[in-house]
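In the two assemblies presented below, subunit A is common to both, partnered first by subunit B and then by subunit C.
Take a look at the complex of A and B:
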């Protein structure tokens, strides 16, 4: 008997799929991004970091000294696993099901996020491509700037519902909409 | 008509009238009014009753220091008490009611207190209501609370939304008066990121109230120009209606923005108030100065207000506070007020100057009484005259308002909130801002400047210094000429002798001069003691007006300088902040985050009742039709697991993936038992100790590869264990090649337990999981039918044949569904954490009920897990301390009631038979209890003194809370299958 197993996204219960069109301020949830934790052997943080940055089709998010998230929207899990295992002195583990990736974008995005994070998101202080772990509302997650008015948030799956609802509450003033990317 | 709106002028919009109500009566005000200015424009001077004596009161200021004009605004759940009418922005439809009066504002029964006032001096409550002690709580306090006090709370939930936000800047400027506006603009022109915050709804500060000409335009127009330029700059954030109330560590400022307090129906999409945490590299305090009231007899009557307030009502709101206004002054402000009033056609009754001479300009035809003093005021609900005394000669002067000018105090509150006290200046006769370091300075009249032009220059100079300091090219501001300034200097006058009525120092708390005298006489002499004994400075206004006079008068009574008396302690908040703003959005569902398991949907489908465990929602039991109590469900689930099989969600356990050549060594040091020899493909139960030798946490760790492990923690300690590992790796043994990360959220993990577990699991897993191929403690990656890779562990927390299956979280619900389907013919059930707990108690397994921070491994019966021949592990050395190896320590035992139908509860204590029930005879305590459906009676785990030697002893389970004593037999903690015959099959 072969099992047919349905993959569920944790935010399926939060996003009905009947939202109207995206507003200028919009939250987008990605269904199946590939996300790996990458850990460097002590003393090899710089080399591993450089190798990661060089990997094709992988966005690198900084979590801590010697710890990153490798994110890919285009490659499959096995491809990424292969790329990462080729990096000397790095260990990696698949977190694609353990993390939820969403982006918030739009003209008011910094005002929305200022209600959620204590970090200065002015471009002079937090430039495009910059990422770090921080408290997002009540929850520790990774926040990255991926454009002038675009940020990417990665949070643990079990907390994603709460973080999502918090972001929507903070975005209410700016008519923030939400949908799965591609829906 | 005594107070009235002038026909022209002011910063109110005459084409936009606003209708509002006060005490049920309808009034008309103008756009730009405060509630107080609009009421004054309607000749409503009486706005409240005082706290203790219920004396009639009107506004004494035109700003946020107002002690008297407190009203309740709004109705229903939006009822907001104690709003200062002097800052409340008028809007159409506003409803305000006066407070602290019954039955009405003009006829108040409580004013009988005034007749009793000789009895009600400082310390009255302390002296009078001492006996009998119980009367305080039940009689005195409720009565006093009803008679005194301020506005009333409504007991309805606040319907509005609040939120918190962070802001960051190079320079925060607090206050948008002349110094603040010029500071902000000077810095902004240099390119500095500036935030300018002001508590008012219109920027400009004193520029809105003073009759000046700056650079050829009115002061208000000049302010408008500065604001327009600031608003056009992208590096400037303007925050009107925002009170910066606190200064905290690391240059973080707290501020509250009143987003929608000035609208009749707040938009549900916006917060009504927003709490800001502003992180600033530098800050300038441009909060201005407060004009001091004079302390003379009857200085609290409606119609007596500060001279500056009279000018503000006149120049900003175009309201004359009276038609015949007297002035009592010790400096230039009084003369300026008289001049401004006279220029607008208001009659000046007289200027009473406490000084012998001055060079202030006297308006034409106005009588000046030098060396004069006001000793009493006439009138009840409104002043109608004064008694002025000079050299023993008294005369009555009729008037309908009195402007009092007592000198100026810089508003330095914020700079004194972190320990530093203000510093007395003999030159300025005022308490000045202390030096709090180079990042935060005062400017303008907050720094003691006397004129608007000096304030403009000071703001510019301090801002350009900061700009240079921050690496920006400083912009040199162009300060225009200011025409029409006056000399604001004054001669201090703390106390006016000869008072014929109470002379108030603290209007809001009804503290008058003689109260201060009582405090000195009765040895409450330190200013902090004087404050608490008299309650001076303890009202909601925190003594903004009165404190300096209290200090000056106490100094006078003691014959010393105010410097010697010093100030009381400044603390946040500068003005009251609502609890709604402090809570922000963190209420209701947003109060704390919730964590949901990947199997949450599966549990819901199967009818689970959930329990909050920390932030998690865990399934506790799965009621079936016909089951009346939770016990019915739990008993069935337990029996079914023991007889058939059950599936339980264990996803909430902490899971940590560990890598590195020294990972085994690392674990060997983390755990008390050995991990070096754990083979690949095997799981092992491990015990972690704290450094002090007590058990910290437990769980299984599996070796998935030569340098690859996965460690599990209890649900409750997942974070603590991760922190513990980080500490050990980063600081204890940085030399070890090990790294790890949490994968708790990656896996949906489920426990399939029961004699039929293998049969069911075989239908799901492709690999051979026979006992030979997959024995107890096997741990491997397997393939599910259909191809999904999963992790399978043969571990048991129930004593039954059991597997834990971990699959990527997104597939959790589908795999759990598939297992339920595959197990249907074998009678599988879903079971929750309650049944899980019964199963483990029956089997004598411990949880944090037993591992409570006081138990050693040996106490729990795990002495053999202390690898004392290992070179080291955390907790090894301190575990050998005498107290931790004593023979009479509490040890884990089982308990069963002698009479099978008796019940006892966890938390109960243990006594020897016939011992008196008291903690002196305490023998230990019950840690876990459950009804065992397998055995048919209650069972318990307990920590008992020398417990292992006492198996078979009869003991009393004493529950002092429920007043019960149940005889029980001490037994081994394993109640079911002690030989593990069910496990190894």
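Take a look at the complex of A and C:
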């Protein structure tokens, strides 16, 4: 019997019914990003980190010493798996189905996030390109700055609904809108 | 979110991101006498003042840290990665 599997994003039910015209403060959800977790062998953290940074079309998010997330919105998972397996002394696991990728952007983004995270997001303390794990609401996630007024959040799939609802509530006074990217 | 701990890997973070895992006690050698193991597992001094504890940075780098602090004044003297701490203790021995 042929089995047809339909891809449904975990936030599908949360987003349906929202205003689709994006306001200046906007939250985007990416339907199918490729996210790998990468670990370096002890003592090889620097070399693996440098090789990751050099990999084409992969954004690197720092989690811990010798641990990263490799994110791609353009390459497929086979391509990324191939790139990562070519890095000496690194091991990687595909986490794409276990993680949810969101971006929040707009002039009030820091004010919104200040209500959800306890980390100083001033550009002097948290520069463009910086990323780290932290509590976002009550959930452990990875937050990265990808622009002056743009942040990227990666959270475990099963907690994404809770983080999404919290972000929308904190963003309500700034008219934060939400939609899937590309919809 | 009041108490701030400076993780050597992640920077300054609220204590909510950590899980306190108890006093830093040297583990006895595998062949140590039973009372040494009994002391290691069950007996704690619970001092008032300067104290070294394992803190697990559960919501950050997920590394075990050694937080050297005063539990009366809340002053934090040092935060070290537990691996570093063990290495330094090895050198000092």
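Following the convention adopted for this analysis, the second predicted complex is superposed on the first by the 180 of 183 C-alpha atoms of A that agree within 3 Å, B and C clash if a C-alpha of one lies under 4 Å from a C-alpha of the other, contacts with A are read in each partner's own complex, and residues count from 1 in each chain.
Basically, contacts are C-beta pairs under 8 Å (C-beta built on N, C-alpha and C of every residue); 3 or more make two chains touch, one makes a residue touch a chain.
Remember, it's a predicted structure, so these values are computed and weren't measured experimentally.
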Subunit A residues touched - subunit C or subunit B, whichever exceeds: B
Partner chain in contact with A:118 - subunit B first, subunit C second, else both or neither: both
First, second, both or neither for A:133, with subunit B first and subunit C second: second
Subunit B versus subunit C as contact partner of A:149, first or second or both or neither: neither
Which superposed partner A:57 touches (first subunit B, second subunit C, both, neither): neither
Subunit B and subunit C footprints on subunit A, overlapping residues: 67, 118-120, 125
List of subunit B residues in touch with subunit A within their complex: 163-168, 193, 269-271, 277, 279, 585-586, 589-590, 592-598, 601, 616, 657, 659-660, 708, 734, 736-737, 739-741, 743-747, 763-764, 784-788, 808-815, 818
Contact set on subunit A toward subunit C in their complex: 63-65, 67, 118-120, 125, 132-135, 140
Subunit B partner contacts - residues on subunit A that touch it in the complex: 1-10, 13, 37, 39-42, 66-67, 91, 93-99, 111, 114-115, 117-120, 122, 125, 137-139, 156-159, 161-163, 165-166, 169-170, 172-173, 175
Residue ranges of subunit C touching subunit A (in the complex, touch as defined): 1, 9-14, 16-17, 58-63, 81
